[in-house]
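After this come two complexes, each holding subunit A, first together with subunit B and then together with subunit C.
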Partner chain A sequence: MRTLLLAAAGAAALSLGMSVQADAADIKIGMPMILSGPGALFGEPTLKGAQMFVDEINAKGGVLGRKLQLISKDSKGNADEAVRVAREMILKDEVDFIVGTFTGAEGPAVSPIAKENKIVFVAPVSKPDALTAPKNLHPYLFRTATTTTIEGRSAAELIAKLPVKRVATISPDYAYGQEVTAAFVAHLKKIKPEMEIVDQQWPKLGEADYTPFINAQLAKQPEAVFSSLWGGHFVTFIKQATPLGYFKRINNNFVAGGEAGSIESAKAIGDDYPLGIWGNSYDVFNWEDGPAAHKDFIERLKKFTGAEQPSSWPSVGYIAMQVLVEGIRKANSTKSDDVAKALLGITVDTPIGKQIISPKNHSANRGQFWGKMVKDPRYSFAVMEKPVYVDPTPFLD
Partner chain B sequence: MTTRLARTVPWMTVAFVAALLIPVVGTRFYTSVATDVLILGLFATSLNLLLGTTGLVSFGHAAYFAIGAYVCAIAMKTYDVPFALAFPLAGVASGVAALVFGFFCVRLTKIYFAMLTLAFAQIVWAICFKWNDVTGGEQGFNNVPYPDLGWMEALPGLASMRTGELYFYLTLVLVSLCLYILRRITNSPFGRILTTIRENPERAEFVGIDVRRFELAAFVIAGLFAGLAGALFGIFNRGVFPDFGYWAKSAEVLIMVILGGMGQFFGPLVGAFTLVALNQQITSYTEYWPLVLGLLLIILLYAFPAGILGTAADLVKALRGRRNA
Partner chain C sequence: MLEPSFLFGQFVGGLSIAMFLFLIASGLALIFGVLRILNFAHGSFYMIGAYLAWQIVHVLDAKTGGTFWLAVLGAAAAVAILGAVIERFLLRPLYGREELYQLLFTYALVLVLADAAKIIWGTQQLSVSRPPSLAGASTIFGAVVPHYNLFIMALGPIVAALVWFILHRTHIGRMVRAAALDREMLGALGADVGRIYTVMFAFGSFLAGLAGALVTPIKTVNPGMDVEIIVEAFIVIVIGGLGSLWGAFFGALIYGQFLSFGILIFPRFSIFAVFALMAIILVIRPWGLFGKPLSR
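And now, the complex of A and B:
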């Protein structure tokens, strides 16, 4: 019986080993992405967006007469697993390019692998400034994600318009929270020096009890607050802050980064969402003042995903792929060296508008949507009222 | 005939020579997988000195792996220390950390010992996660340089090799050396005392063995070799991350040991190979890897509690027994 089991396992391993060989003429793009665990809630739709772009371009005959093939693998949200998967894609699946990774750790982890194998790598989600800082930048690395600088400065621009003087911050105490808050504070001081930072709270990432932080902050009597608590952390914070009258005390002048305005966050919080605060999101399905291209994109996305109110994440996968393919087209080549050169300074017409890859830091001018969160009778969750796409170009160095 | 063959052939030398050929006959991908297996195999073997030999269940062995990885990477990148110094330094740092943590851990037994090792590991993880200026925090310590391998090209047959392949050879030699030392330790009188402690700590105490001191010594040696494995992995991975010290990593290495068989010296190495190969194959087809791993563990623990190598050894013994009878 045991030997039989072993034999069966051996046979299974052998048949798994014989992977399906792709058409040699296909352009292969590897996508390491979080597809398991809690992060899959964001990784899955990001992959869907990339797949939608691939399907659309293949239906039109592909690029340079060749079809695209997307090979995705689960990075499990782990930096070392992302490295392993990226290596496997390059060395075994022989992908031509890598588009992917999710967390602030995965992007910087895969970057050296792309460099040593001379493969163009486009990061669609990783925000940390350090990823494309001069000491880490290399010719094959590009980013279509927004950055901590852009996110912090966008929030500062928003708060600067409010009739307030006393500003506070609350952010998780780790690299992302610190970077985005530092960018916010520095930009606010620059554009409106009369504003005063009266308090800064740093709960640890994954804090379960925000009450002491909330009370300490209210004691300093801020008139507006910037936060970068995200995902489940933001949900926990909201559920504890509302009963303490936190949002009333600051007159709902709460500007929340970390995709707090995304459909994912809104659905997770449900009826408890504090209406009147400001949130951000990579994409919104209700951009009524948006261009026709965006409305069309949302309609196609509805069809592709079958969701009446689609996720905010497909946009990042879609745009990353679109930028890469425009690079291939401009280079008229699928060699990473040529594509890397073509991507410098390229302008791409995406569903959210023109995206330009800066030749200086290889990053796009990717802003996010910001808006006041309201209840709309058409939806069962809070949505942005008149979402605005904040183009960061005017306040980038 | 077969039994004599099994005894007289120096299997370890054969395995070493076979491994030397991997970059020559295999692809770059297989060389990379082999490097991965060797390093994790050393990591798992170091844990087995505690688990299989001494009978101590550590839930926090990843802490020493992480300390070794960070110390070696930071020494090499931030302070330009050559690998020849940074590598032993990583072992020493992990050994010292194991001495400090172990001092408290060996005062407890069974589940309390396990929980305390876990607690210390979480402290290490938290420090790596928060100390942005030194460790790079959540974003990790990236772009760890490869050691200078130029001298290796002067060796016969290695002139045209790429860095990744040269690094494989360096890893092969260093891991083999570490495994040799660990095997000598396991089979020494010192190792026998550890086994005595595993079998019956009360009795060991009774015959005059200072159980705590021997346990602490085993803890330090295990931590030291885990640190050396971490140092090699940080370079191989081109970056060191707080996750290296997270409890999930400790669980992973524990699974490797149990999968391969903790009663055999080379069991953990087989376990590392199996886990890496399965992970690579299964994640290529499905994102339900944790489910597959869970099922596999259930089957293993019920059907083959001695692990892969343990079961194989039992099988060989049974066959021999039948032939002799």
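And now, the complex of A and C:
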């Protein structure tokens, strides 16, 4: 019996050693991702999307004859931790590329590490414009996320079409909320100068009670409002604003960024969702007017995650990986210097359409889905009525 | 724009902030006042209370009227039991040691409970609707006030009065106050100090669980709600004077109005309001509103 056990252990050790050797030929991609705390709700599905892409490409034999290996570590939504984890991946795991980080603080913190180690870094979610501003841009940095400029301008385009004059904003008082609101206000003034910003509320991130902000805003009698409260903050705001008659007073002319139209937010609010407002999302499972490639993606995603109405976040992980791999393919090399050059100006056919990495700011033309939130008898939560993918190309500089 | 109805609306908004905050801070003040423990995990008990309330509402039929109240009491009671177990078996061995150990322990508890909540309930944002009986709103002096907020504004003073009554007008209250003054002497007189501590810790936890359950109709339930609230709750009890129940009550009231009217003058006020208030009060009264200066 004992010998048998020993033999088994030896065999296990051997096969382990062999698998390590086989792995040496894999292309390693490190993914620092928020996997704990409140942000895990978004980080986990983002990682799943990346994993789905890796599984799909490996099933087809990988890229340049080599398989992909995804190594993910918890960044805890904290810039310092994201930097530590990225360093560890580069030095210990010897990853070839970094695809990841989540919050607006993590992306800009990891970017210098990529520059220092000359490793291509693709940011799938970090929105702040500052990440790819000329003074921070370097040859190895790329972004497939949308930006605060794109999001703010998309919302301004929407509000400009409404028959209103008096516009207000409510946003969390930190980098993302400030940047996206500034982009919204500047663009609205440009395309519809007759509209007037009558009020701006700045609750802190994680405000427990929005009642005084809501009351103060209504006193200025806005006819439409742009919000960038996201995730649980948006849910809390909705629960407090509805009984105060907020949405009725502004005729549901509420345009909510921060992925307020995502299935995650809709499910969390349930029956209390104020129908008729506008929300956005990185992806939607009910894009009925969408291309066949998107419908096929959603079907595969359903199988991969086992969810009948899949999350809106896997899309961002999937597309970030897809862009990187297209870069590897085009460069016909896994050296970061070659891949970085190949990525400039590359066009990739993604499930949501063509994504082009601008050679100017290394960022994709990533728009989001926007639509009016309605109740559909097929689902137990609010969904976008006829979601529209807003391509930002016409209103980018 | 400065119509009376608008100002009244701002006042009521501040009042509702204050009473929610007081419900959370009351248990924290009580535990510090009696046990001399700064319980970082108070926010975690609050979070567990919220999750349990959601769980009970969703296991029972959410449509019947009494479900919500059953969930609130059930969640608070369960958190009280959790608190009692933690005090009896984990915290008690640390009483003789330096305060640093107790701080480290309650901080560790924050991490453990956050992970436990994530394992049990996942990372989803969960939501509980208002109880049907309090779903509406009334217009008072021209300001819309949701009935649920009215209920919380009434509950705050009731909880404060009840806790005061228990502490100052009952036998157990006398024992508790004696234990806070000199636990060794009380023990020497034959009282079961250990049991008093367990009961008080459980009661403080009950208040945290109650606040967590009561907050679910106006706030999303998600991981992170524990640390989100603990800083404000701590600052409120510091403003009020550590361990003083009425201090926490008036500290919360002042903070609510300070924030509510402050944002009218400075639009970017919210982000530093609570720290500004703490700085002002501690400059004037370093021991807080209702605290006593150390005389040693």
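We take it that the second predicted complex is superposed on the first by the 375 of 397 C-alpha atoms of A that agree within 3 Å, B and C clash if a C-alpha of one lies under 4 Å from a C-alpha of the other, contacts with A are read in each partner's own complex, and residues count from 1 in each chain.
FYI, contacts are C-beta pairs under 8 Å (C-beta built on N, C-alpha and C of every residue); 3 or more make two chains touch, one makes a residue touch a chain.
Fair warning: this is a prediction, and the values are worked out from it, not measured in the lab.
Superposition note: with subunit A as the common reference, subunit B and subunit C can be accommodated side by side. Once chain A of one complex is fitted onto chain A of the other, the partner contacts of A:Val323 are absent, as it touches neither subunit B nor subunit C. Contacts of A:Ala216 after superposition: subunit C is touched, whereas subunit B is not reached.
By the touch criterion stated above, A:Ile150 is placed in contact with neither subunit B nor subunit C.
When both complexes are overlaid on chain A, the residue A:Asp173 reaches subunit B and subunit C alike. Shared-chain residue A:Arg87: touches subunit B; no touch with subunit C.
In the superposed model, A:Leu158 makes contact with neither subunit B nor subunit C.
When the shared chain is aligned, subunit B and subunit C each come close enough to touch A:Ala40. By the touch criterion defined above, A:Ile277 lies against neither subunit B nor subunit C after alignment on the C-alpha atoms of chain A.
Across the superposed structures, the minimum distance from subunit B to subunit C, using CA atoms, reads 5 Å.
For the contact definition in use here, the residues of subunit A common to its subunit B contact set and its subunit C contact set are 36, 40, 173-174.
Taken in their complex, subunit A has these residues touching subunit B: 2, 5, 13, 16-17, 19, 35-36, 40, 73-74, 76, 78-80, 83-85, 87-88, 91-92, 103-105, 108-109, 111-113, 116, 128, 130-131, 136, 173-176, 178, 205.
For subunit A in complex with subunit C, the touching residues are 36-38, 40-41, 44, 173-174, 200-204, 206-209, 211-216, 219-220, 231-232, 235-236, 239-240, 243-245, 264-265, 267-272.
By the touch criterion stated above, subunit C contacts subunit A in their complex at residues 1, 3, 6, 9-10, 12-14, 16-17, 20-21, 114-115, 118, 123-127, 129-130, 135-137, 143-144, 146, 148-149, 217-220, 222-225, 228-229, 232, 259-260, 263-264, 267-271. Residues of subunit B that touch subunit A in their complex: 27-29, 32, 36, 129-130, 132, 136-140, 142-144, 163-164, 233, 237-239, 241, 243-244, 277, 280-285, 287-290, 299, 303-304, 311.
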